[in-house]
Amino acid sequence: MEFPVASSPHLQGDNDIQRVMGQVLLALLPGVAALWWYFGWGVIINLGLAIFTAVFWEWVVMRLRGRDPRPVIADLSGILTACLLAIALPPTLPWWQTMMGTAFAIVVAKQLFGGLGYNPFNPAMAGYALLLVSFPADMTRWLEPSVVSGHSLGLSEAWNAIFSGVAPAAGGWDALTGATPLDHMRTELSREHLIGEIRQSAVWGDFGGRGWEWVANWFLVGGLFLVWRKVISWRIPASMLVALALIAGIFWVIDPDIHPSPAFHLFSGAAIFGAFFIATDPVTASTTPRGQLIYGALIGVLVFVIRTWGGYPDAVAFSVLLMNMAAPTIDYYTQPRVFGDQEKQDE
Amino acid sequence: MSEPAQNPWRTALTAAAVLGFFAILGSALVGLAYQGTAERIAQSEREALLRQLTAILPKDQYDNPLLQDYLDVSAPNELGTEATRVYRARRQGRPVAVILSPVIARGYSGAIDLIVGIRAGGTLAGVRVLSHKETPGLGDRIDVEKSPWILGFTGKSLDNPPLDRWRVKRDGGEFDQFTGATITPRAVVAAVKKSLLWYRKQGLKLFDRPTPKVESRHE
Amino acid sequence: MSVLLTIVTITLLAAVFGLLLGYASVRFHVEGDPIADQVDALLPQTQCGQCGYAGCRPYAEAIAKGEADINLCAPGGETTMIALADLLGRDPLPLADAEAAAKPKSVARIIETDCIGCTLCLQACPVDAILGAAKQMHTVIEEECTGCELCVPPCPVECIIMVPIKETPETWRWPFPEPSPWIKEAGNG
Amino acid sequence: MAEQPTPIWDFHGGLHVDDRKAPSKASPIREAVIPKRLQLPLQQHIGRHAEPVVRAGDPVLKGQLIARASDYVSANIHAPTSGMVSEIAELPIAHPSGLPALSIMMEADGKDRWAELPEPIPDYQEADPADLRERLRWAGIVGLGGAVFPTSVKTNVTGKQVDTLIINAAECEPYITCDDRLMQEQPAQVIAGADILRHIVGASRILIGIEDNKPEAITALRETIDTRGQRDIELRIVPTKYPSGGEKQLIYLLTGVEVPSHGLPLDVGMVCQNVATAVAVAEAILQGRPLISRVVTVTGQAVAQPGNLQTLIGTPVAELIEQCGGYLPGIHKLIMGGPMMGFGLHSDSVPVAKGSNCFIAATEAESPDPVKPSPCIRCGECVKVCPAQLLPQQLYWYARARDFDKTQDHHLFDCIECGCCAYVCPAHIPLVHYYRFAKTEIWAMEREREKAEHARRRHEFREARLKRLEAERKAKLRKKKEALAKKPASGKDPKKAAIEAAMQRVAAKKAGQEAADPASENEKN
Amino acid sequence: MSEISYRRIVTDGLWHNNQALVALLGLCPLMAVTNSLVNGLGLGLATTAVLLMSNLSVSTIRHWVRAEVRLPVFVLIIASFVTAVELVMHAWFHELYKILGIFIPLIVTNCTIIGRAEAFASRNPVAASGVDAVSIGLGFTAVLSLLGASRELIGQGTLFSGAHLLFGEVARAWELTLNADYPGVLLAILPPGAFMGLGTLIALKNLIDRYFDRRRAELAPAPATEPEQA
């Protein structure tokens, strides 16, 4: 009797890529819900737009490459990219910018390099960087959280704002939008106000901006879920946040009047979201255990450096992209000691 | 394939001669080019400077040789830099305006070099940005190439608007800020205001002091 | 005046460096070409002459001098060409004789009943892999044969044939895994 | 004697897989029927194949030597039963390539008559280890855990100090239970074999490493040890984790000592032997029997009566399956060895060899066909499970790119092919297949390099010889000419002609070069 | 010396061996100055001028220069010409000179120039070297201009902005503006845009080459002739 053959192992675990991506999507839910609560329907519309664009372009590119698009779309990686990008965008960004950023993420940052697994840069952050660099004005115009402005953007308001650029009725853009807490802090510091004075304003909560800090908290919940499910390793988020807190702490201790507290850095901007969902993208991150610690820590340090002295208020996207470039080198120099390797046995 | 053993010193001397010969040719070429263009380069430099000044103060408003009538001042607190040159425009000997170059504002990402023209009466003849490092798309709209915002200073003075309205609108003042960027225009407004204040303090005295002796710059 | 000074300075500098270079070029002249050795090490040493040179060493020297392309070695095939491209920093080229390169590795075998013992093949063999004497039957030592085929044309009775080397469980290599050599791909691959 | 809890050093990585041992574990070892025909491959061990010492038509007796070890690293082969050699030919063997190999085919006469056997050595403790080793060598014993390295070679510890003999009883692969049953049913033989091996290698203690999922075997062994009163034998129970039966992993588990990456257990003063090998050793020394049969697990959802069979080496797998009630409908794959490291058989006409510990007749449900792999997302799952602490995804990357130097930089040859990485890979990449591909490619390149080096030396030698001959010939000629020149010269003309011809040749060559030069120039630019 | 195919030199310089797209030389100025058409064109022409002068002189002296000082001599010649060109630009194209800044002196280090001197001019007669310099230079200029034009167009929606810097005051009117409301994708003007733009151009060239290769393979399987589109 004849049989088909294959290489061992002849058993296969039940893990697959779709499952990995699906769990990350699931973990995004609490954070997205919080965003929706504080910033209204624009968040949801952005998500829809981005997902639609991502699927569309994956389909087109795979067709152009002469391959079956279905498994690629079904592995959820493109949809995850779209979601990560959409979450990072201001909730009233013009529709075409959202679509442009997503298309860039999928076509240029992901598929041009060969698709999932081959992209050297985090596609969502590449798309974000494109938009931020190209349209900095729109990209830095965030709504005030509803707890601050007292107004939550309804579905039709958000729709009009996104698709026709019409400002919401209640007081127009100026009343509803403002600088993000990070931007606000940076601006006020540049006027030589002291942190104590700055924190008097109504926009501040316990750690970061009111509302903002809770969004971060809910992303933290999702992120811890991923760590618990072992979808992501604890090393990158932990080292990134610890490094950020440490370096922020050092400066804060030196002069708390002009350097915000570590808690402010952790709970403002995209630090938590980035630590658990962006920096941990396995394709573009470091993979060796020691490498992950270094990779995460350097992202944390870069976030602080760019936030404090850089040209843009938040820094997670640039930090991650920069470290993406360094990941292969880090991996090379942090190869774990091979079992039985005597030269390195002392370590 | 290799030639029979050579005398190293002989080879070395030939090589030195060849290289030396071409060195003479090359440096002669550069020397000639330099002599041929020196005059023209100096003129171009002057014209370029003049164009900058003219953008603020049209040529028909003064009749003195503007480039030769200047003063070097140092007012780091008011003008943001240790060395500012003050060009003095006169018409038939009477003061018309001063042009301060540069006045430095502290922007979002570093120094913004401004050139500020102030008429003798204390109104602004004009403000331009010489160089800056502001974020493209946000702060760079102070550049006249990107937006006409900077032209809005022309004709303003310390009374118009009143001193406490010399701020951007977000801070309750008169001047527009750009969406997404407040720091840059705020810095420019503050710098312009400070130079006006400095001018008010100095007054027409500025026109009395003689131009310092011209140092030989090229020789 | 300053122009003249510049000319003199630069000329002096040039002369000094010229002296240095000229002296160095004679003093540190390197005989032979280590590159040729490195190239030779990559060649399969079949000595078959299919590249158009008299053997592996001459071809290696020609490559080192830049006279020969790197894609002429048929027995080495693509592997050798790529190794050469890596070594020399040249661009990989398609093999000059893809057909010859695609031929399975073989060894010569003498059909012993036909052999007349003329010793012509003995003289052609570059690695002395054929055993025999005049008027005696010859035989190929299989382990020594490089499969160069140089013994085939001289044989007056055409009794030398090339036999592909059979793959055994010891020499067998695992096939490249993707697309799976064993499982037919479903859908459009 | 109350055993003290001894520390266990947990190794990095590894897996907890469903062990699927129950079906074959339940029933005692059966004696397999003698097949009509046996195929005995000459290569059932690591090293050089054995040389047949019989010819087609020769009658043979059970236990008679039929192929002799041809080298130091090689192993004897004996007739598993009495009968007649029918042919020596290339026959199918159990190998992933599906290629046949030289084997001795014999017809059994059913009488199962023993040949004359050497004397047992019951007082082995007094015997010279070298003599015992010679007996093992005669018996053709090789590592029966699957590595099939000749035991007589492995136990040759000349010049090394060995303090510990490790008996590998951690049968960690799913499905396989042959060692487990062997320990339950023949604990005395196991311990006896272990003690003989200890004597041969001169170790002061024996550590038996066994996984905690084999309680019956543990009890049996413990009782035997207690009965024998051997205090130098220590039974260490390790947690069930794949691949704790890997030699280096087990040694680490038991002693906390890492075997060097390119070294052997011997380098750290240890020798590791499998339980089935120990039993074979006991038989060879205490009964004087060669290795002609072994316990084989036959299992899988597609075989009617899974179990363990004492099987003659050379039995065709098809017959073995037949004795287990034949295939069930849904049979999809036949795997030799465990599901993690074993390989698929092309056909069941192959024989049981010394290293065949298990045959799994699997349905598609229990061992699905590989699916089309997705791209690697560098998730690092493989890094987490690799017991050799490698970076499997980097190895994969380089193997795939055929960058074999880099694979070696990343320690390809420390990979034990345990399959953990491929098991957990969410992209379903056949990682182990890539490593095997890379390894065999590297070996092939190594062979070719050696061959090229050899050819170069022969070629240079030949060139030198020809040169010498030419020089000798010329010298002779010159002498002749000189002899001629002494006589009145008359041959000016031919000399002149020769010079002219040479000059012409040179001129022609120069012209040719000049014509060729600029052409090649343009080619490059 | 055998015959020189001028057509081959020209097609090589402009297309088959385009220094920017094929040889990937001189990328530093290529990336840095191509944020507008005029900048690209300006530096391209300056490079071409240097290339022409250096090729001509190297070719003229090729028989007299000893091997051991060949490179220093070439570098000397090129450096002299670059300095001369820099002075000329400073004098007559002052504003463009200010914009191109450091990249004019950096022409010295443009591998294209020393590369052509070494690979072509030092082995070929003067006329051929001149033709080579012009075609290589124009090929390089074309890529600079194309890249500049596309980046300018995408980045700020204009074309020929700043044309007066190169062509005098009359050219001020040449500036084209697509659409006053065009938001401008700043990325294109910033450094990453240069990389993406160049990558796209290279891809485009490969695509065209492949198309013609395929066409030629379909049309004429007989003799392999030279590529015919210039």
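Per-chain residue numbering starts at 1, and chain names A, B, C, D and E are given in the order in which the chains are listed.
The rule is short, and it goes like this: a contact is a pair of C-beta atoms (placed from the backbone, for glycine too) under 8 Å apart; a residue touches a chain by one contact, two chains touch by 3 or more.
Since the structure is predicted, the reported quantities are computational estimates derived from the model, not experimental observations.
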Required steps from subunit B to subunit E (each step between touching chains, minimum): 1
Intersection of the contact lists for subunit A and subunit C: B, D, E
Geometric centre: closest chain by C-alpha means: A
Chain located farthest away, centre of subunit B as origin (C-alpha): D
Where subunit A and subunit E are represented by their mean Cα positions, the distance between them in whole Å: 41
Mean-CA-position distance for subunit C and subunit B (Å): 67
Centroid distance [mean C-alpha coordinates] between subunit D and subunit A, Å: 50
Subunit C and subunit D: spacing of chain centres that average the CA atoms, whole Å: 34
Contacts with 2+ other chains: residues of subunit B: 11, 14-15, 18-19, 22-23, 26-27, 30, 34, 136-137
Residues of subunit D engaged with two or more neighbouring chains: 96, 369-370, 372, 430, 433, 436
Residues within subunit A bordering two or more other chains: 4-7, 133-136
Interface residues, subunit E side, partner subunit B - complex: 61, 64-66, 68-69, 72-73, 76-77, 79-81, 83-84, 87-88, 90-92, 94-95, 98, 184, 186, 189-190
In the complex, subunit D residues that touch subunit C: 43, 93, 95-97, 99, 101, 369-370, 372-373, 400, 430, 433-434, 436-437, 439-441, 443-445, 447-448, 451-456, 458-459, 461-462, 520
Subunit B residues touching subunit A - in the complex, by the definition given at the top: 106, 108-109, 133-138, 178-183, 186-187
Complex contacts: residues of subunit B adjacent to subunit E: 11, 14-15, 18-19, 22-23, 25-27, 29-30, 33-34, 36-37, 40-41, 44-45, 47-48, 136-137
Sites on subunit E touched by subunit A in the complex: 183-188, 190, 192, 196
